[in-house]
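Two complexes come next, and they have one chain in common, chain A, joined by chain B in the first and chain C in the second.
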Partner chain A sequence: MNQELINALNSIVANATPLVIASMGETITERAGVVNLSLNGSIILSAMAGFVVALQADSLIIGLIVAILVGALIALIISVASIELRRDQIAVGFVLTLLAADLAQFLGQDFTRVPGPRISKWSFPILSEIPIIGDIFFDHDVFVYFSFVLVIAAWFWLFRTRGGLEHRAIGERPESAFARGTNVNRMRYFYTVFGGGLVGLAGAAYSLSVKPGWATPPAMQGDGWIALAIVIFGGWHPFRVVFGAYLFAGLRAASSAIQRNGGLDLPLVDVHVNISFILLNGLPWLLMILTLLAVSSGGIERLVSLLPRQIQNRMRNVLRSDPPAALGTRFEAE
Partner chain B sequence: MIFMDVEVKNIHKRFGPVHANNDISVTFKGGNIVGILGENGAGKSTLMKILSGFQPADSGEIWIDGRPVDYHGPRAAIAHGVGMLQQDPLDVPAFTVLENFIYGAPGGMNLNRPQAQRQLSEVSQRFGFDLDPETPINRLSIAQRQQLEIVRLLALGVKLLILDEPTTGISAEQKNVLFEALRNLAKNDGLSVLLVSHKLEDVIALCDEVVVLRAGKLVGTKQLPATTDELVTLMFGEELAPHQPEDIEFGDTVLKLDRVHLASKRLSITDLSLEVRAGEVIGLAGLDGSGQRLMMRACVGLEKCVAGDVFINGQRMTGQAYRSFMQHGVSFGAAGRLEEGLIAGLTLTEHIALVSERGMVIDWARARQHTETQIKLYDVRGHADNMIEQLSGGNQQRVLMALLPENPVVLVLEQPTRGLDVDSARWIWQQLLKRRADGTAIIFSSAELDEIVTYSDRILVFYAGQIYEIRDPDAVSIDELGRLIGGDFQSSDHVERLA
Partner chain C sequence: MRKNQSLALQLALGIAPIIISLVITAIIILVVGADPAEVVERVWSGAFRDLTSTARVVNFWLPLTLASIGLTITFTAGLWNIGVEGQIMVGALFATFASREFASLPTAVVIPIEIIFAVVGGMLWALLVGVLKTRLGIHEIFGGVALNALADVGTIFLVSNAWAPATGATAQASERFAPSTLFPALSGDFPVNWVVAIVTVIAAIVVIFSLRGTRWGLHLKATGKNPRSALLLGVPTERTALSAFAACGALAGIAGAHRVLFTFGDLRPLASGGIGFLGLLVVLLVSIRVLWVPLATFVFAAIITGSTRLRISLQLDQSLAGVLQGTLVLVVILFQGVRQRLEQRVTQGDGDEPQQSFSPISAEMTE
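So, the complex of A and B:
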C-alpha cells in the first residue's frame, strides 16, 4: 500500500473522530427516547469554551472538562424542558442550536485566530507497530483511541448488558419499562446528559485537535447536523453509526482531493473528468439516502430471513432503519 | 401450593368528576378464579390498576395475607406477588422473546442468556405455550405475547394474576390453551386469577366466582355456576326503561347494503344485506369491537367493502370516498369526540367556519354570527372564542350536533351519548328525533342497552362479526338483549340472522 494512501486514510480516521464521538453521544441519547437537536450549536459552543478555557487556564484537562460540561448543560436544559416543563424536544433543541452557535461567536470574539494549546499526538505502543493498520488507526491522539473504546463500549452496553436492555426499552416502550420498575424519566435525564457530555467532548476534539483554535465562522460549522444525520444513517446502532462517520469523512476527503486536482483522472481510460465540486459535496448525502432506502426496503429482510436464526436478530439490529419507537415522546406514569 | 389472600378495603378513586371506584371492599382467596364483571366505565380496570400498582388509590387499603401493604408502582406490586397482564401486553416490540423475558427479572449486569432460556422453556413447556426465544415480539400474535407475559410474571413469583380482557383478539383454540393453563395454575399451584371481562360466556366457562361492579360501586358477588340471566341482572340492574311508542311513517329506502363483505385485522363481516328507510332509527348493540364500528364506517365510505355494494338513495356508492357520501347527504359522528369529530386547538367559530364557509377567503364576521346562532340554538355552554377542548363533554357533543348538516339523508353516529349525563343524553335524543321526524334515517351504536331499546325501530346485535336482527324491540327485554350481546342467540326467538 503506498504511503500516500495510508496518510490519506490516517487523516480520514482523525477527521472522522469528532463526528464519531458526537454521533455516539446522540445515539445514546436517542436510544433513550430523547432527541437532542442542539448538536450543531452544542459542538460549536463547547469547542469555543474548551479552547478558550484551555488557553486561559493553560490546562488541556480543564479545557476538556469545561467542554464536556457545556455539552452536558445544554442537554440538561433539553431534558428539563421536555420532562419537567413538557415542552417539545425538537423545538427546544432547535432554538438551543441557534442560541449556542451565536453565543459561541459572541463570547469567542476576542480569541479568533489566536494560537493556543492542542492535544499532542501519541502513537499507541505496540499496536502502532502493526504494518498499515498501525499507521492508519494507532498513530493519533487520545481522542481517536477514546472514540474506539467508546464505540465498542456503547455496543456492549446496549446489546450485552441488563442496563442496555433497560436503556433500549426506555426508548422503545416506556410504559413497559415503567411496568418493570424502571424510573423512566430519571434514566432519560441520565442518558441525555451523558450523551450531551460526549457531544461537548466532540467539540473539544475539534478545537483542541482536528481543527485547532477558534475562528469565525467556526471551522466545525454544520458538522453537528451531519452527526445527527449519521445517527439516522447508522440506524441507532453503534457499529453502523461509526461506519457512517468514516464513510462521510472519507467521501469528504475524496471530494476535496478531486477538487485540488481540478478533476478526476480515470486511470484505465486515461480520461480527465471535470466534476463540479458542488456535486461532489452533495455526494455523501445522496449515498446516505440510497443506503437508507436499501435498508428499509423489504428485500433486505428477505435476505436476512435466509440466515441462520442466531445471526438473524443480530443482523436485524444492525440493519434496522426504524427509530426507537418512543423517540421524541414524553412519558408520564399514570 | 402458594395460597395468598388479597383483600382490598374501602378503595376510592376519582378522575375529575367521575367517581371511578366508590368504597370498594372485596377479598380474593388464594386458588380461586374470580371474574370481574361490569359494563364499560364500571370501574373494573381502575380497581385492577390500583391492585397491580399502575395507579395509586385516593384512599383505601390493600391487605395481603392479613397484613396491610403499601406499594407504589407495578414493580413493587409484583414484589408483593400481584401481577397484571394488560389487554395490550406491556412488552417491548423491538426485543426478542428472550430479551423481554430477561428485562425486569433480577440479576447482575450480565444477561446470562442460557439460564434465562432454560427457565423460559421450562415454564412455557409446562403450559404448552409455543414461544421461541429468538423471535422478535413484533412477529408474535397477541396470544403469544400474552403467553410470554404470563410466563414472565410467573417467573417473577406472581401469586395473584390479573388478566384484562385476555380473550379479545385471540382465537378459540388459543383461548382454550390459555384457560387450561389458568385452571392448571389455580388448581395445582394455588394461584389466584382475576379475569376482567365483559364476555359472560368466558366468565361462566372459567371462573369459580364473580364480582360485579356498576358505576364505580361493588354491587354483588356470586358463586358460579350461575345463569347468564342472573349475571346480566347483576351487571345492568333491573330497571327497565319505558319505551315511548311513536308512529312514524317510514319513507323510501335511503341506505341499502347489498351482500356486503367487510374485513378488519381482527374480525370480518360476511354477506350483510340491509335496507334502511327514511325516518328509521337503527340501534346497533354489541360489545366493543364486535363489528359495529366496521359496519358504520362502511355505511359512510370510510371503510372499503371487500365485496358487495352500498347504495344511497338508490345510487351505487361502492368504493367512493367519504367526501362523496357527504355530498349525497350522509353524515358521520365518530365516537372519539376530540380524536375524530372535533379539532383540539380550534375555537368554536373556527369549527363552524370549517363546515359553513365555502369560499376561498373566510368571512369571519359571518362565521362568528353563524356561531352565535348555533350556540343559542343548540344551547352550548361556551363562548364563540373558546377552544373546543375547554368545553365539557356534553357541550362538545352539542357542538358536534351543531356541525351536522341541517337535513341529512342518513346520520351515522357512534355512541352519540357516551360519557354524557342523563340530561345531556336526553337533549341529544330530542335533537335526533326531530331530524328523524323530518325523514332522516339514523344508525347509532351504544353501550347502554336501555338507550338502544328505547330509541330503536330495529336493533342489530353484533357478536364477533355476526349480526342478528331484532325486528320488534318492544318484545325484547334488556335482560334478553344483554344475553344476546353475550353471544347467546339460541335461547331467543326474536332474532333473525343477518350476516
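So, the complex of A and C:
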C-alpha cells in the first residue's frame, strides 16, 4: 500500500471523528425518542467556547469540559421544553441552532483567527506499530481513540445490555417501558443531556483538533446538519452510523483532492474543469439527499428491485432504516 | 376580582418574555465589555436616525414580510420549510437571469418579467423540497437544508463564472445590473421599493383571506393538524402540501428579486441576508397568526438594520441582532408552555390530540 494512500486514509479517520462523536451523541438521544435538532448550532457554539476557554484558562481540559457543558446545556433546554413545557422539539431545536450559532459569532468576535492551543498527537502504544492499520487508525490524538471506544460502547450498551433494552424501549414504546417500571421522562432527560454533552465534545474536536481555532463563518458550518443526516442514514445503529460518517469524510476528502488538482481530469472523457472547484462544494449536500433517498421507504424498494431476486430480502434488511417509533413525541404518565 | 387577577397575569405573561430576553441579551453585551444602554441607543439611531435609514428598515421589512407570510402557509400545512432560504436565492438567480436577458426592454415591461421569473424560480426550488417529501419520503427539513446549500453553491458558481463582472471574477458579486432593469425607488428622500411594497400588501391580503375563508385554507389546516386523518377525510394532502410549498416559494422568490434588483443592484452570495431563517423565527414567534406577522417583521427589520453599524461604532459584531431575536423567540416559546401549565389547561382533552412522531425518511402524504 503506498504511503500517499495511507496518509489519505489517516486524514479521513481524523476528519470524520467529530462527525462520529456528534452523530453518536444524537443516536443516543434519538434512541430515547428525543430529537435534538440544534446540532449545527450546538457544535459551533461549543467549538467556540472550548477553544476560547482553553486559550484563556491555558488549559485544554477546562476547554473540553466547557464544550461538553455547552452541548449538555442546550440539550437540557430542549428536554425541559419538551418534557415539562410540552413544546415541540423541532421548533425549540431549530431556534436553538440559530441562536447558538449567532451567540458563537458574537461572543467569539475577538478570537477569530487567533492562534491557540490544540490537542497534540499521541501515537497509541503497540497498536500504532501494526503495519498499515496502525498508521491509519492509531496515529492520532485522543479524540479519535475516544470515538472508537464510544462507538463500540454505544453498540454494546444498546444491543447487549438490559439498560440498553430499556433505553431503546423508551424511544420505541414508552408506554410499555413505563408499564415495566421505567421512569421514561427521567431517562429521556438523561439520554438527551448525555447525547448533548457528546455533541459539545464534537465541537471541541473541531476547534481543538481537526479545524483548530475559531473563525467567522465557522469552519464546521453545516456539519451539524450532516451529522443529523448520518444518524438517519445509519438507521440509528452505531456501526452503520460510524460507517456513514467515514463514508462522508471519505467522499469529502476525494472531492477536495480533486479541487487541489485543479479540476477533474479524467483520462477518457476530456472534461477539463476548473469550475468544479466551486461546484464540488455542493457535493456533500447532493450526497446527503442521495443517501437519504437510498434509505427512505420508497428508495429502498426501488434500489432492491434492481438486484437479483435471491439477495433482495437480505439487501432490504441491510438498507432498512426505521426511526424509533416514538421519536419526537412526548410521554405523559396517566 | 378573579377576572382582574387573571388579566394581570395574562399581561405579565405576555410582557415577561420580552423583558427576560432583553435582560439576557444585556448580560451577554456586558460579558463582552460593552454598555447595553449605548447599544440600544446605537441600534435605535441606526434604524431611525433619518428618512434614509428608515427607508432601509422598510426595504428589509418588505422581503422579510413576504417570506414570513409565505411561511405561515407552509406552517399551517404542518410543513417545516427551512428551504425558504434557498428559495429566496433561486428567486434571486432567476430574477438576475431575466434582468440580463431582457435588459433591452423598457423598465415597465422588464420588471413584471423579472417578478414572474423570480416567482417561477422560488416555486421550482420549493416544489423540489415538496416532491422529495411527498414522493420520496425525505423530511422537508433535510431536503431544505441541502437545497439551501446547493443554491448557495450555484450562486457562487454563477457569480464567478458566467455572470462575473467584466473587470474580472471575484466571487464577491456579479456584473452590476443595467439600471433600467432595477426596481424603482419611491423618491430621493425616502427610497423605498414601491413595486414590491404593493406586491407585499396584495400578497398579505390574499393569504389572510385564503387561509380564513377558502377551501384551500381548510385543506391546509386539515393537512397540518393530522395528514393521515385529513387524507382519510378526502383532503388531497399531497396536492395541498405541494401547493403550500409552491405558494411559499413564490413569495420567497419575489423577496429574492427585491434583494438583488433593489438592495444590492447585483447578484452576490448570501444575498438573502438570512431573511428566510428570520422569517421562520417570526412565524414561530407569532404562533402562525398571520395578522401579527407585519408587526413582528417590522421590529425584526429595525433591529437588524439598526445593528449593521454596531461594528463601526462600538466594535460589536452585528450577530447581536440574531442573539436578541433568537433569545426572544426561545423565551416566548418556553413561556407558552409555562402559561399552559399555570392555566391548568393540561387536562384530558389536550391529551387526546394525536401526537405525530418525527419521521425523517418516510412518505406520509400519499397512500
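Miscellaneous remarks
Following the convention adopted for this analysis, the second predicted complex is superposed on the first by the 276 of 334 C-alpha atoms of A that agree within 3 Å, B and C clash if a C-alpha of one lies under 4 Å from a C-alpha of the other, contacts with A are read in each partner's own complex, and residues count from 1 in each chain.
To be clear about the criterion, a residue touches a chain if its C-beta (ideal position, glycine included) is under 8 Å from a C-beta of that chain, and two chains touch if they have at least 3 such contacts.
Quick caveat, the model's predicted, so the values are computed rather than measured.
In the superposed pair of complexes, A:Ala325 makes contact with chain B and with chain C alike.
Of the two partner chains, chain C is the only one that A:Gly299 touches; chain B does not reach it. After overlaying the two complexes on the shared chain, residue contacts for A:Glu129 are found with neither chain B nor chain C. In the superposition on chain A, no contact is made by A:Asp58 with either chain B or chain C.
The partner of chain A that touches more of its residues, comparing chain B with chain C, is C. 325 are the residues of chain A that lie in the contact sets of both chain B and chain C, per the superposition on chain A. If you check the complex, the residues on chain C that touch chain A are 28, 31-32, 80, 82, 132, 135-138, 141-143, 145-147, 149-150, 153-154, 156-157, 160-161, 171, 277, 280-281, 284, 316-317, 319-323, 326-327, 329-330, 333-334, 336-338, 340-341, 346, 351, 355-363.
Taken in their complex, chain A has these residues touching chain B: 160-163, 165-166, 168-169, 172-173, 175-181, 309-310, 312-313, 316, 320, 322, 324-325, 333-334. Against chain A, in their complex, chain B makes its touches with residues 49, 54-55, 73-76, 78, 86, 90-96, 99, 102-104, 107-111, 134, 136.
The touching residues of chain A, when paired with chain C in their complex, are 35, 37, 77, 80-81, 84-87, 89-92, 94-96, 98-99, 101-103, 105-107, 109-110, 216, 222, 225, 228-229, 232, 275, 278-279, 281-282, 284-286, 288-289, 292-293, 295-299, 321, 323, 325-330, 332.
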